[in-house]
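Each in structure tokens, the structures are laid out below.
You will see chain A twice below: alongside chain B first, and alongside chain C after that.
Entry: the complex of A and B
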């Protein structure tokens, strides 16, 4: 093998490594398609769901007819309506402040929208989702632009990939902070009352 | 001048070239496996933790507050006498100190009582109960301290009233997953708590 051949082979190996480094990873390739919910009471859609955020508050305690949710931290209560668009199913969600990720609470069991509702296409549901946060989260520099995300239960937040996610940005420091909030269990919304 | 064969060219290479080539080949193999630094030496010395001491781990802060025997499950109520079971309840306070969500279901790798004849990792022997409202399997959001009751279902007699029960405590280190993108935690034992159990 000539010296030129060795140089060409080395260059090919180097080029292959360069391509490997330049190629996007699985995480980027499978990232969801994000749409932003611009404001309260504005319906926004992905391929699978539509969501309208109707209110967001903080509370020291959350109450349902069958459950009292005390906490060592603070509750974020987000009221919303959601509709499945193409198939029956539910809603999944997630929350983040900066690079810190939180799971929606399942302590209230079926009293929350992400656990208690499973809609047929075009039949809207209304209810609340809960996030249990440490008190220190309210003092995080990212608390002014925290993000709550929604997707279908088979979508990116529920274990699937390559589908749409809706994101709504919240300023936690400007929300009303109440001693106690009573949430209603998820319920179907009559068409005449649909927001958005 | 006679043209050299490939074998002759290779035999004339400086030994240092061979060393560099072998090291480079090793590096290429190690790269997809996580590099050279995949083994972290940890101390084999286990530290005892009193009920007012917190194990500050890389993933969870853990305090073992108390332990007791009971015939009443904190979430599901009294055991049926015909079932022949009782419960060992280990009261803990756990805080997720990372930036990522975790589930209480992952705690069995970090907190485990040592009871001869009992496997705390067996399927279905452990329930995680939130002391605040007796709900089960709560999420462990970052920074939020959780008062958790770890409820182990035992055969009566494995633990006797008044006995000392040793609870092994583990920390964990995070590494890149070999099988998919993302990271995994590798737990390793770092301490233990001994609690005298009464019956409640």
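Entry: the complex of A and C
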């Protein structure tokens, strides 16, 4: 083989190697499209859902008409409005402080928006979601920029991580801390302006 | 003699073989995609009977079994929230109810066929928006001789009232689609109103 042939072959191998390195992995391919909810009362949309966070508070106890939620820690209560945009489905959520991830509480059963609401396009729901936290979480250095995230369920792609995710950053240390909060059950509310 | 000229036959073979290899590798995914693609709905004018092709669970995904029902849209009414009826059924401000009356002739169909589902579809900023029939949105459910759902497995003729709740202004222009409710239905019937 001539010297030129060897150079061409080496270039082809190098190019193939470069292409392999440049190809995105599964983690990147399946990463959600994250959009940030900039502030309270600002409606923000993914392809599947819109979310408006209307309030966020801490409480030692949460109550619904049928349930009292005592805890050794503290409740994070986030009030919001959510709307499906394409098809019927619900809302899912997650919460994190730094690298520590928390699930939304299911203790209140259908009284929370992520468990008790199934929306249809442009017909919004209002309600609350709950996170039960240890008291030590409030002392975590990441507590000043904790993140609650929302995604749709049952969408065309199955919802969740394969579609858009909305994130809202909270400073837990600056939230009102109340002895008890009564949350309303999820309810349909009149349609608002649709976010494009 | 240049390098290209000396290797012309090998290069010519590459020009043919590389696209052929790519086509062969991608054809499997392509045929799978085409096979799974939703079919265009069969459109039937208002009041005309339409043939709805159903199937049995587990049957061959590429073949329809020839089991059919006849569906005829006999009425389509939009009830805004700010009317007496709208208030009676508890419609929220800014919404409207849509009532689609459909005569279904499923005579002779066996008990194990798929049932059918009605959907209202209207364009939105992210593509088509799809509403399923109401479930708890209003204080109304079809009663008497009217069926509240499409149960083809009864094997008889019946009148079905499909009720939807949609944002105000959607009902008049929305498309009424009958399908098996799956993401990529193999057969869809559009009943014009």
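The working rule: the second predicted complex is superposed on the first by the 157 of 196 C-alpha atoms of A that agree within 3 Å, B and C clash if a C-alpha of one lies under 4 Å from a C-alpha of the other, contacts with A are read in each partner's own complex, and residues count from 1 in each chain.
To be clear about the criterion, contacts are C-beta pairs under 8 Å (C-beta built on N, C-alpha and C of every residue); 3 or more make two chains touch, one makes a residue touch a chain.
This one's a predicted model, so the numbers in the text were calculated from it and none came from an experiment.
Once the two complexes are overlaid on the shared chain, A:72 sits against chain B while remaining clear of chain C. When both complexes are overlaid on chain A, the residue A:86 reaches chain C alone and has no touch with chain B. After overlaying the two complexes on the shared chain, residue contacts for A:174 are found with neither chain B nor chain C. When the shared chain is aligned, chain C comes close enough to touch A:121, but chain B does not. In the superposition on chain A, A:191 makes contact with chain C only, not with chain B.
The contact surfaces that chain B and chain C form on chain A in the two complexes do not overlap at any residue. Chain A contributes residues 1, 25-27, 67-73, 99-103, 105-107, 109, 131-134, 136-137 to its touches with chain B in the complex. Listed in rising order, the residues of chain B touching chain A in the complex are 6, 9, 99-101, 103, 130, 132-133, 135, 137-139, 141-147, 180-182. By the touch rule above, chain C contacts chain A in their complex via residues 3, 92-95, 124-132, 135, 137, 165-168, 170, 183.
Interface residues of chain A facing chain C in the complex, by the touch rule stated above, are 2, 4-5, 8, 47-48, 85-88, 118, 120-123, 156, 188-191, 194, 196.
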